[in-house]
Structures are given as structure tokens and as C-alpha cells.
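Have a look at these structures, which come just after this line.
After this come two complexes, each holding chain A, first together with chain B and then together with chain C.
And then the complex of A and B:
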């Protein structure tokens, strides 16, 4: 299936990639200190607004990319809901023990992973990988050998994916039977990883030699860049909007709580 | 015998990490389906995340490769909208650091199976430490928590340690490792003798 990933450029695309990444990392670390599920719900709502209206992608893309979050929500919350510690028992059957505390804690975890996922998607959908690395070189002084290696490797990804498909078809047509259990896992890893690694390392080595010859690894002063990136008004805008989102969520969580629990720890 | 990473080392490490994140990405969903039951069976293959670090280190044998491989695996997944979002970057960093500490303890000179298993264990412990913040795993019922930790660590030892070790041995037969491995004293000696 050929997906159409065309999009219109929004203000989120204009934010400097390094700034965007830094702000998201700060939010990510800050969110572990929030144990109030109400606040997470409101943050989630705000983030969804950004995701749905300001990433500039088509509705189909936005909807399709959101689908895995339902599975993520279930997988991150289920163990805590069913097997978490708690006092107020709601339901008990065999090893399953659902308590009020564990239920809200599980809910909190599930919602929080959705928030992380949404921020991740907002970043991925509004940032071109190439610009991220150019920006890291210019704003954060990342050594060019890392930046250009990452960019070159990203361009090799489609080739690796294609080789993976070919391998899968080749193994299928030869009627491969996988062994059961742990041996089967190793067999799969070996059958795929060895040819893929061998080919990719050879290719990477050739490309790297060529890149070194063209001085991609040099980092003396005064290096010029094909894409010059600077800070702009949009960086401030992004910061203000994201902090506004957090402050509003805190206010709403205190004034209009949805769940009766304010701390899941 | 420079120990500094060159562009070739960096590119090869990043590519190794991408190969593993591709393999993981394709089988990952199968196993995350298993985790719907909350019994942590999926944790058994968690070690595939750290595998890039040990494999890359065994191939390139230089300081910093383990950490770089983990960050590369995480950013590959992140840049293409992986479901776990930004959490990956921090996890990758801590796991890579775990492997790197073990390699450093052996002064980057030991490539034995035991060392790889230890690296896997420390990476596993690093990820579990983050899970106490991001997954509140400390609040699970005790038996469930032990199952979680047990499955994660067994997976780390078997996949990150044992599988990675034998995988690189098999890879050596293809000859590609000679392309990127730094020349050793033995190689110089072989040159001297040949004269």
C-alpha cells in the first residue's frame, strides 16, 4: 500500500529541531514527577489538539498513526491494573486482584504512555531528520562525523528493509521450518541478522571511506552548512504554548478533577 | 592503534543498530500482543534492544561504541514515529551506558562471553531502574514484579550476551569483521614475519 505523506507546513515545522527536541526531553523527564491522573488527562487533551490540528498531515495519516496507541494503552496498563498492589479490593479471581489504587495507577501509566507517544509523533511528523542533524551540528556543536553518519545511515534504511523482504521471500520459497522455543528465536535472528549485517557493514564501510575522502569527518572552525539553521520567534512560541498547556492542565486538574484520585503513588 | 572513533566506526555502528531495530520492529508487535495478558512474556525478548550494543562492540572493539549503538537504535525508532515516543531516547542512553560501564571495567580488552552477559545484565538493570519511574513497577504485586525482573534479565543474558557472542562468531566467517576491526599487534607482527 502506498501511503501519501504529503503535508502542509505549519508553525511546528518552523521551530528549530534542537530546541524542539530539548523542550520535549524536559517534558519527558518532568512528567515522571506528576502522579495526578487528572493532570495527565488534560495534558493528553492539549497534546492531541496539537497533534490533530498543527502537524499539518492528512486526516488519514493522523488517524492511522494514532491506532497503535490503543494497544500501547492496554499493554502498559494491564499488568498494573490486574496485578498491582492496593488496599481497596474491587475484584479478585485467582491470581487477578484488581484494587482501586492499582486501577488508577494502571490508567495513569496507560495515559502517560499515550502522551509520550503523541509528543514523539508531533516531533517525528514535523521534523525532517536531515534538518535535525544539521541543527544539532550548528546549535549544539555535534561533531560532523556523528551527524553525517546518522544521515547516511538513515538513507540506507530502505535498502536494508528491501533486503529483509528478499531474505524473507527466499527463506519462504526454500520452505524453512523454524525450531520451537528459544532455539527458534536464535535461528530466526541468525538467519536474518547475519546476511543483513554482512551486507550492511560492507556497504557502510564503502560509503564511509568515500565520505572520509570528501572530508565529511572534519570539524575545523568556519565549516559551512548547506542548510543554515538559527533560532527564531517560533522557538519562543513553541515554548510558550507547551508551558501554557502544562499550566492550564494543572489548573484544570485542580478545579475540575475527572477521577476521585489525585495521587497514584 | 587509535582508540578514537572514526567516521567509518560511527557509520558502521549506526548501521548495525539500524539492522537490529528493523528486526526488532518487525517481530516486536508479535510479542507486544503477548503482553496484553500482563504476564510479561514479552520481557523475554527485551534483550534484543541491547543486542546492538554488544554486537557492535564485538565487531569494532573501541570505547564508546556500545553507547553509540544504543542511542542510534533508539533514534532510528524515534525518528520514524515509533510508538514509544521520546521515552526511547532516554532508555537507549541508560542501556548503552550500562553496557559501556562493563566494557570499560574490563578496559575494553575482554571480548569473552561472560563480559557480554554482564553487559546485558547491567543494561537490563538500567532499564529496570527507569521502569521504576516510568512504569511504577515497584507497585506491582511481588510475584508479578519478580516475574518481570526475571524475564527481563534472562532475556538480557541469553539474547544480549549469548546470542550476540555467537552471532559475531558466525559473522567473522563471512570476513566482514576484518574490514572494520582495528589492526592489532598481531597484524603488525604478521607483517614483520612476512618480510
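And then the complex of A and C:
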């Protein structure tokens, strides 16, 4: 796994991670209460612009990461489109029953999951985990104990991935024959989970001791920060742009509707 | 007392839960200011634990039941641990040092200067301090650990086998760095590779298996009076290899015939790929029965990748001919050779030492009785007879290593590959492993091993390979002569 994740820094990277996270959380909750598919389409378009042009990543990365959401779109919408209830029947075959209502509802749900995905990707691609935790410590007073535990844990992930690869090779060499069915699943879990957990628990313990040896005190008082994070102009910019996006979408949804339906409930 | 005690502990008693006996019983030690002390002892004698008690990590951070009559703790101390991959909590070099500075409540504006200062102090010349720690070599990681320890402005430095997992070059540089930075500190070192340390310390404390002090004096005296014990306890004292070589009579392997009949594997213009990128290339290489090929090269040069390519676990190109008399077609090559990974725990698949060896014989055409005999014989040879019912994870480091080698060789494969088999092992266990390897060689098994040990490649190898940036060049050593006393 050697993906090139190099990127250029954009204004989205400059937004305070805590602010970014809070705004996105509000949007996530807000989206659930939007039932107009037209509005979701326009929000999706606006978000795509942000995602494609302002995350600063290479086209390949942007494309690859988006691919799974197409699958999610299809799976979420299809279930609703094919089996949902409705009054205006378009097509019926056995248990499949496509109605106008269910079709738009399915489309709406699918688009909504795409918008969720896009916002999530925008956040993930423009926020370094380390900065997120530094910001949570400074803006939201997250206890350093938790922040540094998370950061240390993130550091362990690539080591675990590497160990997983070695383990797979080792099991191949030892000539493990996997049993069929549920027994095989259990066998795999046992063969992989125990060694990986044993290594990780031991390593976690060592890192914890090393951190304490470096005088990591658990109080946040007087702690200084290598990355002092404060609010800036970019936070306002992000807020304005995201709210603008929502307002514009609402306006466009009312003035230039794409679908004849305005409420899928 | 005229001199001030920097640290001390009096009548220490310490016992791990689940263990029958005390690890330390009525143990007393005091260390004076500015003293440089080396603590040596066999594996499992509790040296590392003692260091954690002296620093106060036990019982403040690590909960182990201890009692003592009195204890003097250091005011400010720095600690360097053994495992380069298990002592950092941040992804980047500058962030890791900053973590320490934050703990010290250094104001933000001064941090950048301090980071540069400490990196310079340990000789870590990075073009940018914002470098990923995972991109550093083991030796550089340990020097970063020293930098972090120094950033704590310690009166005393605790070093817990800081070079156990490093190659000779890394080891040298780490000790050079320590000598340079620690002039004004009290230094307490636990180490079993003492060659580089002996001329630096003022005092050597020798602890035996029972956690008792056997000797406590200046290096010369301990060195001269307790030499037999150094050997017995598996300590890497200077000249230990010569003593080993002198005390054994070796079979002459220098004249390995590379006759066609004895050739096991023939490589030419061989390339190994990882993620579709060429990682390793070999112009020519012949592996014959009885060969012991030592492959050297710095970390990350492709040695392990080569081993994985050789057994067809990675995709390869070029010619690689396996002798059909020794290898069969209907089984993948990687199941017909013995392979020993660096971390033995990743190779264990059962929950008992005995079963572990039994598993290796699954596809071998033997009666149950014969299998039992083979396993028994192997258990005798690796001195694990008494632990055959234990879980492999319960064994000591050295025992785990011997077991993992045993699982790879018990089915008598024609070729055995070992990835740094003596890495991090004490001298005694290293010699046990070398005995196992030579036993195999006598039976005509070919061995290819990655090693950092000069003594192994100079004394025992029939061919040497140098890996440089993915290019493996071979050198035959027919001229090798053995220093053979008897």
C-alpha cells in the first residue's frame, strides 16, 4: 500500500479543525431535516465543487476516494426505489414495486448519503489528525490524556498494518489450511487476532511508559502547545461559504426545481 | 558520606504477580552523583525492572508490587528504552520533541530553537525537522530518543539496552552520542553488548539470575575477576566470539562444491518486485547443499524482500531454478523451505510448544511414533523439553527464537532462510542458534541468513552477499580458514 497522498495546502486546511468539525456536525444533523430532493441536488453540486477544487489533493486521490460513495448511492437508493410504498405506480413485477414516491425518496436518500460522504471527505482530506487533537485540546478543552492517547494510537496503525502483512506471509509459509465455513472464520480470527493483539497491547504499554518517562503529566494546566491554534479569518470564510451554499441551494431549489417533487416524506 | 547519592534504593523486594519467587529480594544499591554505572546480568535477571524502580516508573507508572525501606528518586531524569518503535507517540520528529517541551511547559516561541538545538546535540542532521519518524533508521530513532531525554534537562539518564535492536553502525553512533551528551549527568546503563560501554563507565554492577549483586567494582576488576561468569550468563563481552570459536571444533565448510548435483537453487538476472516496482536485483547466485550464505547490508536495502522473493511470496522475474531432486512441483516453494521471521510470535499457530512442532510435521509422511521421536529429539536439542506444555508466548525471548527456528527446520527442508536470527539475543542464545545452524549445515541443508554480525559472516559463512540499494552482489569465501584450536 503505497499511495501518494501529497497535496497542496488550500484555505480549507487553514480552517480551525474544531470549527470545521462543529460546522460539519451541524450540517450533518441539518441534512436529516431536509426533505426536498431539489435542494439536496444543489447542495451536492456545491459540495462537489469544494471537494474537487479546494481539498488540494491530486485528481487520482479525489477520484479514488469518491468511488465507494457511488456504490453507497446505488445501494441506499435501490432498496427504497424498488420496494418502497407509494400511490402512483410506475412498474410492478412480483415483490418489486416502483412508484413515483418511492423513486424520489430513494433518489433523495442516495443523494443525501453522497452529500454526507462529500462533507466527510472534505473534512478528512483537509485536516491533519494531529492538528485536530491539538485544536480539540485548545478550543474544546479536551483532556490531554485522551488527545495524546489518540495520537499515539494513530501512529501505531501503520505498524499494525505491516505486522498483518508479515503474519499473512508467516501463516502461508507454515502451511495453514483454512477450514470451510464458520469454523474457518473462527480459525482465521484466532490466528490473526491473537498475535496482532498481543503485539499491539505490549507496544501500547511500552509507549505509555515511555510517555510517562517523558514527564507527560495528566493535568492540562500550564501545558504549552507546539501548534497554538486560534480562530482566524478562514473560520469565518468557511462559515460564510457553507451557509451561502445552503442558502443558494434553497433559493435554486425553489426557483429552478429539477424534480416535480418538493417533499419526499 | 562525602558524596551525594543521586539515587538509591534500600532493601528492595519486588515480585510480579503470578510468579512464584521474588525477582528482587532485599536488594540495595546506591549511585552517586555523576557516576556512570553499567548494570549487567543474564536475561531475566530483572535489570530493566531495576532501572524502572530506580527511576520511579515502578510503581508510579507501572504497577508492580514493591516494598523498600528507603528510596531516593531523581529530580529530573531522561529515559531511553530498547525498542525504537515503542517510545514515540507522535508521527513527526519535531512533534515528538515538542511533546517533551510541552510537558516541560516551554513557551511556544522558544520551541523551534530548542528542537534544533537538541537535534544538533545528538547529531541528527535532518534537512527539515518535520520528518516522519517512520522514515528514520533504528539508530536515528534511538538518537531522537536521546534528544527527547536530554530535552527533559535530566540530572540522570537511564539507558535500557538502547542499542539492542540496532546494527553495528547504529550502535556505534548511539554510544558516541551518549558519551558526548552525558558529561554532566549521572548515567545508569543496562546493556548486554558491553564492548562499546566498558571504557565509558566508572562502575560495573553484575547481577545474577536470582537478582543478587555478584560484583560491584570498577570495570577492570569486574572484567578480570568474573570473566567466567560473563560467559556463563551470556553477556556480550569483548572477545566472546573468539572464546566460542575456540571452545568448539567446527566442521570444515570452506570447500563447498558447487557441482551441479549439489546445487539447490540457481539464480541469474533475478529480480523481486513489490507493488509492481523492482526492489531487488541479483545478477548471479548459486545456493548449494551445505552452503551458509550471510547477507549483509543496511536496514531498508532490500534483504528481507530478497528472502521473500526467493521463496516466491513476492512476484519475481528472471531465472530461478530449483533443483527438482530436492523440490517438488505440486507444493508451493514457500512451503518446502524453512523460513524464520524476525519476530517469532508471528510464526506461532498453536497454543502449545509441543503442538507447534507437531504442526510443522503435518504433511510429512511419518507414523505418529516417529513424529513423537522427532519432536522429542528437537525439544532436547533446543532445551525446551521442560516447557513443552507451555504456550509459546510464555517462553522467554531466547526460547521463543529457538522454538521458531525449530518449527522451521524440524521437517528437514533442503533450504532454510533466516531473517536476522541472532538479532537482540544474548551471547548464550546466539551460540545456541549458531550450534543449531551448524548442525543443519552438517546434514547438507543450505542456509541463507540476513545478519548484521561481523563474526557470523566472517567466521561461518561460505558465501557473503552485500545488499546495496537493492543490488545483491555475491562473494564466495573459499579462502576462509577457521581458527580451530582443538
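By our rule, the second predicted complex is superposed on the first by the 241 of 265 C-alpha atoms of A that agree within 3 Å, B and C clash if a C-alpha of one lies under 4 Å from a C-alpha of the other, contacts with A are read in each partner's own complex, and residues count from 1 in each chain.
Following the convention adopted for this analysis, a contact is a pair of C-beta atoms (placed from the backbone, for glycine too) under 8 Å apart; a residue touches a chain by one contact, two chains touch by 3 or more.
All values reported here derive from a predicted model rather than from experimental measurement.
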Contacts of A:197 with chain B and chain C, given as first, second, both or neither: first
First (chain B), second (chain C), both or neither touched by A:175: second
Touched partner set for A:167, first chain B, second chain C, both or neither: second
Which of chain B and chain C A:10 touches, first, second, both or neither: neither
Contacts of A:130 with chain B and chain C, given as first, second, both or neither: second
Touching partner for A:154 - first (chain B), second (chain C), both, neither: both
First (chain B), second (chain C), both or neither touched by A:48: neither
Most chain A residues touched (candidates chain B, chain C): B
Partner chain(s) touched by A:207 [first = chain B, second = chain C, both, neither]: both
Touched partner set for A:224, first chain B, second chain C, both or neither: second
Common interface positions of chain A, toward chain B and toward chain C: 148, 152, 154, 198, 202-203, 207-209, 211-212, 216-217
Contact set on chain B toward chain A in their complex: 5-8, 10-12, 14-16, 18-20, 22-23, 26-27, 32-33, 35-40, 42, 45, 48, 55, 59, 68, 72, 75-76, 78-90, 133-136, 139-141, 143-144, 148, 158-159, 163, 166-167, 170-171, 174, 176-177, 179-180
Interfacial residue positions of chain A with respect to chain B in the complex: 24-25, 28-29, 32, 65, 68-69, 71-72, 74-76, 78-85, 95, 97, 102, 105, 109, 112-113, 116-121, 123-125, 129, 132, 145-146, 148-150, 152-154, 156-157, 160-161, 164, 182, 185-186, 188-190, 192-194, 196-198, 200-205, 207-209, 211-212, 216-217, 264-265
Chain C - residues contacting chain A, complex: 52, 55, 57, 60-62, 76-79, 81, 83, 85-92, 94-95, 98-108, 111, 133-134, 148-149, 152, 275, 308, 311, 313, 332, 334-335, 337, 339, 341, 343, 345-349, 359-360, 362-363, 393, 407
Residue numbers on chain A that touch chain C, as the complex places them: 1-2, 130, 148, 151-152, 154-155, 158-159, 163, 166-167, 169-176, 191, 195, 198-199, 202-203, 206-217, 222-226, 228
